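See below for the structure under consideration.
For reference, chains read A, B, C and D in written order, and residue numbers begin at 1 within each chain.
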Amino acid sequence: MSVATERAVLQQNRSSRGERLLRALRTPSGAIFVLVAVLFVAVLAANPSFGEPGSLIRFIGRTAPIAIAAIGQYFVIVSGEFDLSMGSVVTAQVIIAGNLIGQDEARALPVLALMILFGAFVGLVNGLVTTLLRVPSFIVTLGTMLALLGLVLFWTGGAATGNPADSFRQIGRGGVQDIPVLEVLPYPVIILAVVAAAAFWLMRRPYGRTLVAVGDNPRAAALTGAPVWWIRTRAFMLSSLAATVAGVILVGYAGVHPSVGQGYEFTAITAVVLGGVVLGGGRGWVLSAAAGAFALELLFTLLNFLGVESTWRDSVQGVIIIVAVAAASRNWQRKRRGASKQAHDEHRPIAAPTPAPGTDEGGT
Amino acid sequence: MNRLTSTHIVYLVALATIIAGTVLVGSTGRNFFSTGNISDILTGTSILGFIAIGQTLVILVGSLDLSVPYVISLSSLIGAGIMANQAGNILPAVLLALLVSALIGLVNGAVVAGLKVHGFIATLGMGLIVSGYLGSTYQGSAGQAPLAFRLIGATGIGPVPVSTLIMLACAAVVLVLLNTTRLGHAMYAVGGDAPVARMSGVRTLTPVIAAHVICSTMAGLAGLLLAARLGVGSPTIGSQGGYDLLSIAAVVLGGTLLAGGKGSLVGTLGGVLIFAMLDNIMSVLQVNPFLKDVVRGVVIVVAVAVYARRRTVHRPARFGRGQAHRGDAAPPRGPGASRQGDGPARGDGTDARNEVPA
Amino acid sequence: MDDEVNTQGARTPILRVTGLTKSFFGVPVLQDASLDLFPGEVHGLVGENGAGKSTLMKLLAGVYVRDGGRIELDGEPVEFTHPVQAHQAGLSTVFQEFNLLPERTVAQNIYLGREPRKGLLVDRRAMNRATTELLEELGITSIRPTASVSSLSVAQQQIVEIAKAVSYDARIISMDEPTAALAGPEVELLYGIIDRLRKRGTAILYVSHRLKEIFDLCDTITVLKDGRIVTSSPASGLDDASLVRAMVGRPISAYFPEALPGTTVGSPLLQVSGGGNDQLDDIDLTLHAGEIVGVAGLQGSGRTELVEAVFGAAGFTRGTMTLEGRPYRPRSPRDAIRHRIALITEDRKAQGLSLNQSILDNALSVVRSVDPMRTAVARRRAPGVFSSLEVVARDLDQEVQFLSGGNQQKVVLAKWLAIDPQVVLLDEPTRGIDVGAKVAVYSLMRRLAQEGKAILMVSSELPEVLGMSDRVIVMRDGRIAGEIPPAASEEQVLQLATGARGVAP
Amino acid sequence: ACTTDSSIENPPAAEGSASAESTEAAQPTEDGTEWFDQAVYDEQDAQRSATFEGDPEKPYLQYIDGEMTDTAAFAADGPQKACFSNASISNPWRQTGWITMNQQLKVLQDAGVVSEMETRDAQDDDNTQIADIDYFIAEGNCDAFIISPNSTAAMTPAVERACETGKPVIVFDRGVQTDCAVTFIHPIGGFAWGIDTAEFLSERLGEGDKVVALRILPGVDVLEQRWAAAERIFEENGIEAVDYFTGADPVEIKSIISDELATGDVQGVWMDAGDGAVAAIEAFEDAGADLPVMTGEDEMSFLRKWDETGIDGLAPVYSNFQWRTPLLALQKIFAGEEVPAEWVLPQSPITEDERGEFLTANEGMPDGHYAKFGGEDLPGYPTVWQERQIP
């Protein structure tokens, strides 16, 4: 059988793209995109100038770090774990950048390399302690969160020397100039696009699929030969690396301060969960996590434009999170039932049109 | 059985901390067992103790409570606000503060059990809601606790603060509830395996809701106690202490499974005691405050790793001492695995890792 | 009650079900089901996977609420919405799913939700005493009421579940595949318990896929097919063949398919000598290419441990293994899989599948884990594999949790076929799947043998072991007790499996 | 044996007035506290132009003439032990002060005045600080107490308990509602800061102009009073002011300003602490908006950014050098010299004219350093501050 016909056979055994997309939109992970669209329209209604390409692109740039953090957190959550240390990693990286780069532009690249190494290392420690020492990741990363922040503050006397060199800060503050319509294309937007594309690609790779399988049923995954400890550990590393990227953008965008990144873990987890990703693992898409971050950010902006008293915003956010996640939870449950309904009327042999070629024969 | 339970280990760790404390505190020329020091440690246990008691129940039923800091603040404000320095108002103030706290717990429980929202998110959201209310309503401390009420926060029997005694009394009540009432058994059952509990005729919503109500009520009590110590209510007193994550850490340190279904309140108290002693020792040694957090973080992880290392080996070896290598591939097999269970029993992201044979 | 209840003549049913209907979201799962259950009667309920047996039981137990029809207890219509109501009415159920809390004690499990109380507090002593009495009454002495369930063997756990059902003083007990986890002697024990219950006048509704048990135990047999009752008649009027025909609607000519033409037993592929670990000792075993070796033994005799050791999941700590003549010491399943060894685990939901993932993802999981470069090839071949296994599903993107047990098992098989294994280890490959799916599994085994693979199959169903194997190894207490030819009788196997000693639970 | 801390018999009133002198604390309402207090406001307004006693070269020893506490009873020979209960070192202002205090301690130790200073840090928790003070009372063998309260009302009973030991008690920075302390050391105060800043902005802005107020935390008297005064003045001048709590997080600050700029023009920025001022300015730069008139603080980061952008600005000061004063006060107390009952230190903003001077004086200091830290004559200057060596 030729590759072409094999592919055709595979296509025939899957629903059409449109059908799959429609089904997808009905899951919580798909519904988040609808929510983002609705919020966007609401923000536009509240302040039409928000829709101008320039301010829109700046909004995306501003949301980039939290969206990237959410993407990182997604890897950990979908594998069935938590990463509470994310915020501290952001803070640590921001302070490292401030203290080690300082005003010396020549140090930007080496320090950036060091930051990446450091991020990977924190993730490695989180991952290994979780998987090999079998400490629940909630506790491991809670420990890392405390210890890391404490260490960095101790090292710097509570505050970094100052902002890093402007050229380094351009990563988070600058952009490609003279773009038609947009004027500037902020670097954070580009970084987000690259990270999102890479994450999307990774989740379609064997690693990504195995990661979700590990979150779904780690024992089954281990018995199919997946190195569960290493798969999960890499997820923690991806998370810390995402936090590092977020840190690099944030120190550019806003500058050094020990409060940069604080609470990021909760925001990221909230974004991921809003994106329909199930705490406990095994369900949800990576881009939905990023969309969750956009939903949150749009929500804040909307409240802002509506002039809701800033102190009440927490409350509104709390209500929305609970309602959205409750709706998603109902939806997953309904999907469960709904699908078993389909199981009845649609069940049919998934058969190739050609006589069954058996397991392996029928080579190319 | 002569195997150590996790509770034994907690108290062994506590003992080790006492020894370390004796030596370290001694090295500064102080006495670890002096009245003032013991009183300092016990004071440290009382607030965290209240919250950890409640948190134990919530974790046992398989949920979490991240809203406690805000409930604490709210309760302190309601309490002190209604008391308004009038001894006669103490009772209504206490009742109303606890009622409001319990109601928050009720909503938490209903959202978790009824709407099937993960406890992490449900209570994070509830925390935000209450925090918005606090931020919008209070600009600073408010209310006034009358003398009679403040006595609770400032009186001790010997080195033992009354607040600690109240906390221990609450612990005793909850202990009885947990171990010798149907509700308590049901909590273990629902946290262990909700479908099994249901099939056995247990009503599965009640224990989860009850655990959340008790947890919030305990947080309310902690808030009232803080009002007694501070003399006023404070909108930030709950978050100042970082009680949400710390209480979860204390519970897990006490040997309770983060995934629920297994654990003990006595262990939790041990976990709380360890934290309190740790803080005390570091303060006596004048450890840099930033480094204190480093030590806390490391201790949490290392201590829990100690239990986690001791994995469940349900079956005694049949042959030799040759330790079979059981890695990730063959995690300790619970019995649920050997029959057609309902797939992976729980999806909390928190595998039943740190169990210890009972 | 000392006398046997008269099971003949004019009787009034204790339970009468008429026109019972249940749909899940518009899809009928049970339609117009009616049956009568009499005191002292053992009523067998059989049918393919998904026929609706468990649903019927759950309707009776108050786990589900029916859509239509009547349930009468002693002539009174009842309406249960929670299992607790059924218990109170004297109806208890041993569910198909595992239903104990591993971290709690035997007594706590049995009396869960209705703990004896003194005042408001649970009377622990009374609870333990009652448990001891209950177990003794059932002839079980080896289980302590204060033991935690996780410390019990699987068989003991199943006994606890049955004891729990009995403890409700139920007049009706439903048992949904109670023997799925039991081997010979424990089954005997269960027979004894059922006998006592029957003598007490308890009515028993009994579901099993093992036809032998059905005929051994049941007075009446009801066959469910696609949610409808096709026959309901005294057991005496039925035999294996007619029952199977009623269940599947077609006769199964060759229940155990013959070896395929051209199958030859070749050279030794896998050899174990002196293998041992903390559960196994002194294992000598040779698997040849093209050979199917059966492994029989009692529950807990170490059969699962044996396949896990070969698979590197809980490896041997003593002895040596060779694969194709070369030393083979797997340190992990990953190692074993790289040597093209496959293990179909005994518990497909807990160990075999990622239930929330699609059929395709599950089928590709092994390739992705160990040989990701071949994923694309495997993906293209997937439809062929599925069609050869006759997997029934909506499409390849359907989540496996929505498949019936048999189809789930086929997905498990498919994922292993993707790496073209040379040694295939199957642990209870047909547990809890229906006749049709069983035949598909058997055919696959035959085909693999024909392709020159070595196959090791653990099974608690003796007819299956004897019917499918070229040789049968019998295990006892972690050792190989002996080997017998396929022509041996079930008695011979049991003799080896139990040894000289008597039967102990 | 029952032990009750008798001090709790004097009830603290709810916050509203930090000043130990103003016993008329605002009555707490259901809705919490009203921070504005006309009497204190007027007093501080007047103090802005008061003359300070003492050597202007040593502002940390200057004070406004007023009631003095006789300390003859506390006179002691030989080095004495100080016990310091600190609220926290969780922001750059406190960190800078804490470094200065430790260098001052070295001087006094060398001089044989103080034997040691035992410090407990409450990490921003009222409850911990109460326990810390109680621990000192029971176990500290303290010859004197220095307390930097975390919050006003909550810390009052504990401070009273310290007073009851009969040892000298010194309170600084945030206040408590008792005047049992030998001295309460603080710069003029929050209202003065509010007046300085809001008047500055009001002069430069017109009616209908918009000011965004960025605040670090709620519920701290010295901070709340800054805003209470400013808000009042803005209102009087018809300036539209919106306030936000940011925790000094520059990311938050940037988002807030961007959103404000997206809805309309912003002419002024007011801050209750300098931390984060740079982010606020950058938000205007990034949005391509006209830079605002702005008040920050004497934190180096703001002074530098102010210098760089040349905006119209003012750096109010909440004199960081006050961290030296408690130990120096102790020196006087142990010597039996009288000290002001309320030790009001000078507090004057840095204006554009003075900016250059302070920038040069503090060259090489980190961004989180405070220009008026007042420790130039202490050992370790400047390295210790440059390297931010926190004990």
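Throughout what follows, a contact is a pair of C-beta atoms (placed from the backbone, for glycine too) under 8 Å apart; a residue touches a chain by one contact, two chains touch by 3 or more.
Computed from a predicted model, the values in this text were never measured in an experiment.
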### Query
Fewest touch steps from subunit B to subunit C?
1
### Task
Tell me, please, which chain's centre (mean of its C-alpha atoms) is farthest from the centre of subunit D?
C
### Task
Name the chain pair with more contacting C-beta pairs, choosing from A-B and A-D.
A-B
### Query
subunit A to subunit B: how many Å between their CA centres?
31
### Summary
Rounded to the nearest Å, the gap separating the Cα centres of subunit A and subunit C is 41
### Message
With centres defined as the mean C-alpha position, give me the subunit C-subunit D separation in Å.
### Response
73
### Touching two or more other chains - residues of subunit C
313, 332-334, 350-351, 353, 355, 401
### Query
Which positions in subunit B touch two or more other chains at once?
135, 288, 290, 292, 328-330, 337, 343-344
### Set of subunit D residues in contact with two or more other chains
89, 245, 390
### Chain-to-chain touches, reported pairwise for every pair that qualifies
A-B, A-C, A-D, B-C, B-D
### Query
How about subunit D: which of its residues touch subunit B in the complex?
1-5, 8-9, 11-16, 28-35, 88-89, 118-121, 123-128, 130-132, 134-135, 137-139, 150-154, 156-157, 218-221, 224, 245, 390-391
### Message
Per the contact definition, I'd like the list of subunit A residues that touch subunit B in the complex.
### Response
77, 80-82, 84, 129, 131, 133-140, 142-151, 153-154, 158, 215-219, 222-223, 227-229, 266, 269-270, 273, 278-282, 309, 311-319, 321-322, 325-326, 329-330, 333
### Task
Within their complex, state which residues of subunit D touch subunit A.
89-92, 95, 99, 243-245, 247-251, 253-255, 258-259, 262-263, 275-276, 278-279, 282, 286-287, 300-301, 366-368, 387-390
## Note on the structure
Note: in the complex, subunit B contacts subunit D through residues 30, 34-37, 39-40, 43-44, 47, 77, 81, 84-85, 135, 137-144, 146-147, 150-151, 153-158, 226, 229-232, 234-237, 240-241, 283, 286, 288-290, 292
### Message
Which stretch or stretches of subunit B touch subunit A in the complex?
### Response
111, 115-118, 120-122, 124-133, 135-136, 245, 248-249, 252, 258-259, 288, 290-294, 296-298, 300-301, 304-305, 308-309, 311, 328-331, 337, 343-344, 346-351, 353-354
